Every structure is written in structure tokens, then in C-alpha cells.
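Note that the chains are named A, B, C and D in the order they appear, and that numbering of residues resets to 1 at the start of each chain.
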Amino acid sequence: MSLNTSARGVYAIAPTPFHADGRIDHGSIDRMTDFYAEAGCSGITVLGLMGEAPKLEPEESVAIAEQVIRRSTLPVVVGVSAPGFAPMRRLARRSMESGAAGVMIAPPPALRSDEQIVGYFSQAVEAIGTDIPWVLQDYPLSLGVVMSPGVIARIVAEIPSCVMLKHEDWPGLEKISTLRSLQATGRMRALSILCGNGGLFLDLETGRGADGAMTGYSFPEALVDLVRLAAAGERDRAHDLFDAHLPLIRCEQQPSIGLAVRKYLLMRRGILASDTQRKPSVCLTARAIAEIDYLAARLARHDERAGVFLQG
Amino acid sequence: MSLNTSARGVYAIAPTPFHADGRIDHGSIDRMTDFYAEAGCSGITVLGLMGEAPKLEPEESVAIAEQVIRRSTLPVVVGVSAPGFAPMRRLARRSMESGAAGVMIAPPPALRSDEQIVGYFSQAVEAIGTDIPWVLQDYPLSLGVVMSPGVIARIVAEIPSCVMLKHEDWPGLEKISTLRSLQATGRMRALSILCGNGGLFLDLETGRGADGAMTGYSFPEALVDLVRLAAAGERDRAHDLFDAHLPLIRCEQQPSIGLAVRKYLLMRRGILASDTQRKPSVCLTARAIAEIDYLAARLARHDERAGVFLQG
Amino acid sequence: MSLNTSARGVYAIAPTPFHADGRIDHGSIDRMTDFYAEAGCSGITVLGLMGEAPKLEPEESVAIAEQVIRRSTLPVVVGVSAPGFAPMRRLARRSMESGAAGVMIAPPPALRSDEQIVGYFSQAVEAIGTDIPWVLQDYPLSLGVVMSPGVIARIVAEIPSCVMLKHEDWPGLEKISTLRSLQATGRMRALSILCGNGGLFLDLETGRGADGAMTGYSFPEALVDLVRLAAAGERDRAHDLFDAHLPLIRCEQQPSIGLAVRKYLLMRRGILASDTQRKPSVCLTARAIAEIDYLAARLARHDERAGVFLQG
Amino acid sequence: MSLNTSARGVYAIAPTPFHADGRIDHGSIDRMTDFYAEAGCSGITVLGLMGEAPKLEPEESVAIAEQVIRRSTLPVVVGVSAPGFAPMRRLARRSMESGAAGVMIAPPPALRSDEQIVGYFSQAVEAIGTDIPWVLQDYPLSLGVVMSPGVIARIVAEIPSCVMLKHEDWPGLEKISTLRSLQATGRMRALSILCGNGGLFLDLETGRGADGAMTGYSFPEALVDLVRLAAAGERDRAHDLFDAHLPLIRCEQQPSIGLAVRKYLLMRRGILASDTQRKPSVCLTARAIAEIDYLAARLARHDERAGVFLQG
């Protein structure tokens, strides 16, 4: 299962499950891996920013990637972003040897000019090896690195092993249209585009030519349905479903606190045993939890998969 | 009508209407001013960031403020943020002499430490005069300046003329709770808190103790209703209304392109004659307009005030 | 005297002289204008960042530019950077009609990608008119906008009226070499490159192909001599002179406080009547003044033009 | 040898020596450790930002710290900054068990408000243990975190194990004076203040009350002499020495390329076997090397410790 430019659907950005004392929770990893497959996802991405990757030790990162790959019936993408190329290479090659479908690389925050950006990814791919299919992560809000459609097209042209864009620019709709137009007019080769940002614009992104989503929203089934409905031309139904989830999507999409919301919801859904994050981290107050519960109970009226919150 | 700490409800952040050639559109200013009153707003704020204030000449700023103040039956707040204190003072005093209720000041982007922030506002208020009631604008996403509850409490304590917080931190719910708790325990005097961010969390902010909203969403009537329903304890109905508007609120809340969406919707609603922005600016593509029209037509099914979009 | 790509030598970045009460000091403007010519400068640049341009009213900016142009025997460049294109155009055209040699434009801080940068300058030049020679200001430390040699070459290629680069990247030596190499191999047309950063690397920049300096160091005669010595191949003597000035150059090159140092030195040299800055501003403490006096007195042992500080 | 508030003199920020293939060069580590003692340093700091710490594996960091501690006759400070508290604790405790004198912690780049800053260090110290003396790193240019004297005083008051400030604010002279004034008036307890920024203002910092330097300039002997001369009241001689080194100090103090200059000079001085950095990294061009050689040869005329460059 090697990642390629025809990837579509929903790739779940997996959180890293911890026990209350901060140890990795291997039981929850298996449960979560199974859950994503049952939810209809097309793939799983581990060790992303939302996976608290920078707080893991190298051996932990390898262990998590290997466990998910072993357990999963879906292709697994492994986030390998690192300040140095040597550990990036090590994690990338270990993951591929263990059966990963590809890796994901985010640009370091210091990059500014197109030249710096293209140069960085060229060197990174030289470091990990040109045989590993990889996902280009484009997340300016969090990383501060802005990639124009032109620089993405240059990366895609110069580095054949780039097969997918994890698109989470904001605003980002025109970027998808521009990239698809570059592709349609032969100025860029094919590229899978999966959207992030927690799904906050997925209702519109599908209409712009996105192939789906790569994000960690705690109800991935809804994203799967949304992508399917959009592909089937059921625009109104897709929006009806999306609108029911939007109040919660918005809560998960907040900086810093968003991961706490996401882990809490996954815990309440029975997928994670604990919503613990490694420190330093931000916790939900009782007030915040009550708000999330209320919004999730409202969602349950439209989507039975939130049923657990009705009694909550 | 002097602004004070008991202000509540919805203060509309007014855009600046331009003709297609970039001249100020005085006819639309009057229409817009009337519209906000009819919409049930409690006040109007002109010359904010969303009012394209940095693109106006000093005499234009004065003229716009004076026209809205003259026309309005509601209290008017005038944004007076400026790189130099002399022009800040001039606009502030001219506005107050013309009948403004107060002014609003945003911190310049370079401020970082609490000391720098408190120092800046102390000097600014010394410059404009301690007799002018003013609104503290807290907008980290756009300005890059982070104000903790503690630094807000210090400003409120040290500068008696500060009567209101325009709160648009993100995430921001805990900040409201913390400020209200400081107030309840006597560690901060009373302060009006109106929320911005286009209303993206207004459904929850009212429950945290916000007094309402100060934002520019193109359906201010909905925000007025929401604040009223929340105050009346009609929580479910408030959320029902909010959820219907959230897909559009989210579109207006995008950086850079959000103002184009807002001006377009206000134009379609017949309030602005043109959705022109002064250059440099970002325009909506035909594709983006079609998406907005579609979302607004969906809204019309729940809120008749969007009825104009049904035939669109 | 129209600015063109053959400009060389030292263009003085002029501060804006104020009286102690913040009014513009026209007497000092004339004295300063004369001083720069006597110092051997090749040109004068007014209304730059160090000229406190954002704190001036539009009519003041025009008046300052016109006074310097009228008085000066040297070509005058006018900084026209502004948040809106309409005022940028107005100041640019007024200045050229009054006899300016050209204008200078800095990128707004929000720009990130090459596309955004090239697009901004294209639109700006469309706004001011393609007939006005202009200087591209490249100052990442202060503006946060990073321009690679490639994006500068694109701007130069696409916009014929760009005749000069005000280079103040840091580190910046390789950028000069790269640009000159692009030029030597026919991949970029001729461009004047004058260096900023207070002259902090001017000793080395001349060896890399810079045509001189555009900066505001309070001893412009020293920069003039340095550029002349370097051009004459007197490398050691150029460095000897530079090294004597470096302790002071370093002090003027500090963010925020640097302008206070510069204005103080120009006041002590008898050029400005007052070292007042418009508020908000940072002032020198007595301790800081004593340090500057000490360093300037040390300089006087090597350069008699600092003689006034020996009795200080 | 436990670090305490009476520390003074020069603490050398040690680079991490690598072989040309990126492996750690243990021979150079020993040579470098001995060199710093011979140079008259008072201590050594390993695994700082300039030590390429983020590019090291955890076991490598431990090994480097242990080797330097074992070899050194001077107190050793270990940089333990990390995205997660668990690895921070592990490295801190392992280092102290091996004989480190203390650790150094830099704030993560996202911190803005005083509250966030104080909160972060409180949690970090809770994580590593309150028994470990630590150095507060204040480096806004590189980290983007601004700490006012007030917030430093709060940290010092609330966290007794904070014994030293590594001061590298820019401009930073007034900060030293303010801290010493807080101390003199009993509003802050004693604190060692060692200055960084490559020594760029060390000539003036000693006069403001700094206890010395903690920086990595490749001629630490010169900094040792400077601190000694300043302490002995030999102001002119201190400045004479400083001025001779300033042209090179300035080159090492550049962002990104500065470390390449530093490693090159240490290699040419015979201390490092190679100037290799781990990738991604910036390299010196032949042109840049020639410039450094020339400046170092000029230095040799004033300071015989640069003699090796005379024949270069």
C-alpha cells in the first residue's frame, strides 16, 4: 500500500493516546486504529502536530508508527518532521520498512521565501531518500510558512516523490482552484489534495476539487459521509450533515485548546481510555466540558453517532 | 450618550462604504447607519480594522465619523488607532466634540510584554485625554499582541477611562470567565465585555458573561436576537438561530477575504451600493460568490432576513 | 535628476527633525539638507522608516519632501510606503512634480510568498504610475518580509521602473554576490544596490559589488570615505576607518533605541536643533547618553569629525 | 560545583563538534573542553541553541553532557530546553547526577503574555525538580519571547531555583540597569547576569552591572580579559581590546550564518577538527571565508591569539 497521487477520501489524523500518567496507551492505539477503519476512513496519519509528536522520544515515535502500521488495514502515513535531517531519515526509513504507505513533512517555521521553501524540501527528500512517497504539509496558521500555488507547483515539479498536499491554508479555497487549474492546463502534474483545518471548510473544498480530507475531527464518519455525498452530487445533503457538525468542528479547530476538545470527544466516544496530553498542555475546564457536552447532545439530534452524548 | 461600563447588546462594526472608484460613498453611510438602528443594534463602531481605517486620509476619517454620529440615533464608537499619538489625539477629540460616545484603541503589533502593553495604553490615554471613555481592543490573531486577563485587569485598574473590552482572543472563552471572576471577587472593577471574531463563538460567549457582541457580521439582527434569547434563558433557541448562521459567520471570519464576503453580503442586502474595497485588497472570484450565494440561500430557509438570496 | 540604475555613493537616510513640542523643525531640515551635501553624499532619502514617516500627517509629508527637494543640490528619494495605494500615489506624484529623483517603497509586513511580494509591487507601481523610478526596500529584520535574490530578479524583470535595491537583509553578503552574478550572466538587468543596516557590514558589502550605502548613520562623511577608499582599492585604509566607527554604528543599528542614538549624535554635531521624536518613542537615559559620549570621544581620536565630543 | 547567584566571568557556549559525516566528534569535545579552561573561562554551557541541540538524539545529548562534565574542571551548565517536559526532566536529572552545575531553559516561541511566561517556567521547574539550579534564557531575537524586567523579577521571586539570567535582549542595556536597580532597592533578590548576543555589547554591559558573559565567541580569552579589565576599572583598555574584536564579533552574531563563522574560526584555531554542522545548515562560501580570514588577520595585529591567521 504505497501512497500515490490517486489517494482520496478521509485520512484520519490520529492523536497519540496516553495513560493518565503520560505513558503511551497501547490499548487505545489498537482501538483507535480499528475505529478509523470502521468509520470508513481511507487512511491514517500518525505523529502529526496534533499527535504531539514533538513531545515523543524517538523510540516512542517508532513504536507508535509500527503498532498502527501492524494493526491497520488502511494505508498509514507517518509524520517525520524534525529539526535535523538525520532523525527525519531514520524515522522515515524505519516506518517504510515497517510498511508505512508514505511520510509527511512540514516546513520549519523559519522558512519565508519560495527559494528557502523549495530548497528545504529538496534537501529533506535527499536526506530521507527519493523513493519514499511523501505528503507536503501546508499549514500557515500554525507554522507561519506561506506556500503559494506557484511554490507548491515548483515542489511538485522538482520532487517526483511528492504525491499529496495536506492543504490547510486559511483562507484556502482559491488555492485549491488554482492548483487544479494548473493541473488541468498541464502546468502541474497530478497531485492528491486532502484538506485539513479540522474540516472547517470541507463542505466547500470538495466543490473546489479537493480529493477529501486529512484531519482529526472526532467524528471522522461524518467527514467520510460528506466526501461521499459531495462526490455523488448530493450537495444539499452534504451541507445538511456538515452544518450539524460545524459547531463542534469549530471548537476542535481552535488553536491550543482544540486538541483537548478532540481527545475529550474521542474519550467520551469510547475510543481513547483517557484524554491526557503530555505536558506542557492546556486542559478543559468543567465549564468548557459542559459546553462541549451540550453541543454534542445537540448534534445527536441530527447524527445518531453522537448518541452517547444524549444521556451525558 | 457617553460610553460606559454598562453597555450591552450588539455594537455593529461598520465597514467603510466606497464607490466603485474608491471615493467614499456617503449615501451608503447614511443607509448603513439607519440599518444598524433598525436591526436592533445598541451602538455602532466606525473606523475599525474592518473599516479599512489605515487606507483613509485623516480628513476622510473625521468626515466619516462625523456623518455617522450626526445620522445615528445610537451611540457611536470611533476607532482612533494610529502609529502616532498626535493624530490619535486629534481624531479622538474631534470625534468626541462631534458627539461620539467613546473611542477604540488597538495595540500596535510590536508590543509583547505586559509592561509594554500597559505602558502603551497609559501613554495613549495621556495623549488623547483622560476624559474620553475608550474601548480596549484585544485581537491577537490579527495584531499579534497577547493580553492576559491579568494585563487587562491592570489596564482597567490603572486607567479609569477604559470602559469596555472588545474581546476577540481565540480561544477566548476562559478569558471571559476569568475576567468575570476577577470582577466578582473584587479584583477588577466592572467592565463591559463585547465579543468580536465575527461572532464565531457568540453562542457560548453569552454563557460566559459577555455583555454582547461588537462585530461586523452582515446579519446583525441575528446577533441581536441571539444575545436577547441568551439573556432570556432561551438557550436552545439561541443555538438554533446561531447554527443557521454559522456557515456564513465562518466565511466572514476568514483573514483577508472575510471583509470581501461581508461587503458583498451587505451589498446584496441593499445596504451598501457597492462592495468595493480600497486597494490593495482581495476580491471574490465568481466561484466564491456562488458559494456565498448558496450558503445565504440555505440560511434563508431558517431566517427570512436572508430571503433576498432565495431568488439569487 | 532622475534616479537610475547607475546611482552610487552614499544616499543619506534623513531623520525628520522635530521641535521639542513635536512640531516639524524647518530650520533643522535646511541645515541637515546642506550638511548631507557637504558631507559628500550622492543623494538624500526622506520619509523612510527612520524618518518617522508613519507618525506624519499627509500634508506634513508633502511639505517635508518639498522643502528638502527645493533646498537640495543632490537627488532626493521620497519614501512613499503607505497602507493604501491612493495616498501612496498622491505622495509619489506630488514629490515627482516637485522635483524628486525617485521614490522608495517597502513591502507591508503581511507579505510572505514570492507571488504575494511580486504581486504587491506590481500593483503599487500600477497605482503610482510606471514612469516613476523607484527603490525596492528589502528590510526583513524590521518588516518581516523575506525577498530571495530570485524574487528580486523577478521584480526587476517585470517592473522596468525599479532602478535600485535598498539592501538591508541580515545576513546579506551572499545576496549581493548572487544578484551581481545574476546580472553578470545576463539573468538580471543592471540595478543599483545601496546597503542599509546603518552600515554595519559596509566594509564587506563594497567588496561584494554594492554601489554604496543608503543609510542614516550620523557620520555620513565616514561612509562616503569608506566607499571611496574601497573603490580606490585601499582596502586596509577603508577597514581602519570603518573599525573606528563600528562601536557607534552598532549602537545606531539597534532596533527601537537606534533612532534616539542617531538623533542625539546629529544634535550634538549641530545639525539638528533637538533630538525629539514624535510619540510613542523611546528615549535615551542619562546613562545611555554618557556611553554614547564616551564612544564618540574615543572615535574622535581616529576621526577628527567627531572632535566635538572630545570636550563633551 | 553547584551553580549559584554569585557566578561571574565568562561561561563559554560550546558548539557541538561533528565529524564531516555528521557523527559526534568526541576528540574535539575533549580538546574544546580543555581549551575553555585554558582560556580562563569560569564555566561551560553545552547543548544551547548554538550547540545544535534540536538536531541531537536524546542519547547523544546525554553523552555530550556527560563527556564535557567528566572532562571539565569548570562548572558545566546543560541546556535542557525541549517541547515536552518529560524529556526535559530526563536530561536535567541525568545531567545533575553526572555532575552538572545547573541547567538552562529557554522559553518556547509561542509564549507572549507575562502570565504565560511565568506559568511556563513554573511548570518546567515543577517538572525537572525544584532542587536543580537553572539559568533563564532571555533571547527575544531568536525565540520571539519578550521578557520585561518585571516578568524576570516575578520568575526570580516565585522560583527560588532560578540563579542566573542569560541576558541577550537587544537593545538590552537598560534591562540590566533596571534589574540591578530592582535588586538594589530590595525588590528582587540577587541574580547572576551573564550576557549573550555573541558579546556585541559586552563593553557596555559590564558597566551596567552584568557579571560577565555567557556566549560562544570564538576568542573567549578576549571576553575573559575584557571582563577582568572592566572589573579592574581599566575602561579604556577594555574598550581597546573590544574594538579590535568587534569586526569579528559582529560576523559571528549574524543569524543563521553566525554559527558557521564561529565553527570555522574554532577549526582554524585548532580546537575543532571540522566545522561541520548537522543538516539542515548554512555553509560559508569561499568568498565569506576569505573575508573572515582577512578580518582575523587584521585582529592578529592587535591580539596575538589570532596569530594563526597571519599566515592564512
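Basically, contacts are C-beta pairs under 8 Å (C-beta built on N, C-alpha and C of every residue); 3 or more make two chains touch, one makes a residue touch a chain.
What you are looking at is a predicted structure, and each value in this text was computed from that prediction instead of being measured.
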item: Contact-graph distance - origin subunit A, target subunit D; value: 1
item: Chain labels contacting subunit C and also subunit D; value: A, B
item: Comparison of B-C and B-D (more C-beta pairs in contact); value: B-C
item: Most widely separated chain from subunit C, with each centre as the mean of CA atoms; value: A
item: Distance between the centres, which are taken as Cα means, of subunit D and subunit B, whole angstrom; value: 46
item: Where subunit A and subunit B are represented by their mean Cα positions, the distance between them in whole Å; value: 33
item: Whole-Å gap separating subunit B and subunit C, where each centre is the average of the chain's CA atoms; value: 38
item: Residues of subunit B touching at least two other chains; value: none
item: Overall pattern in which the protein chains touch one another (line/ring/star/complete/other); value: complete
item: Residues of subunit A defined as touching subunit B within the complex; value: 170-171, 173-174, 177, 200-201, 203-204, 207-208, 236, 239, 242-243, 246-247, 250, 254-258, 285, 287-288, 291, 298
item: Subunit D contact footprint on subunit A (complex, rising order); value: 22, 52, 54-58, 83-87, 108-109, 120, 123-124, 127, 278-280
item: Complex contact set, residues of subunit B against subunit D; value: 112-116, 140, 145-151
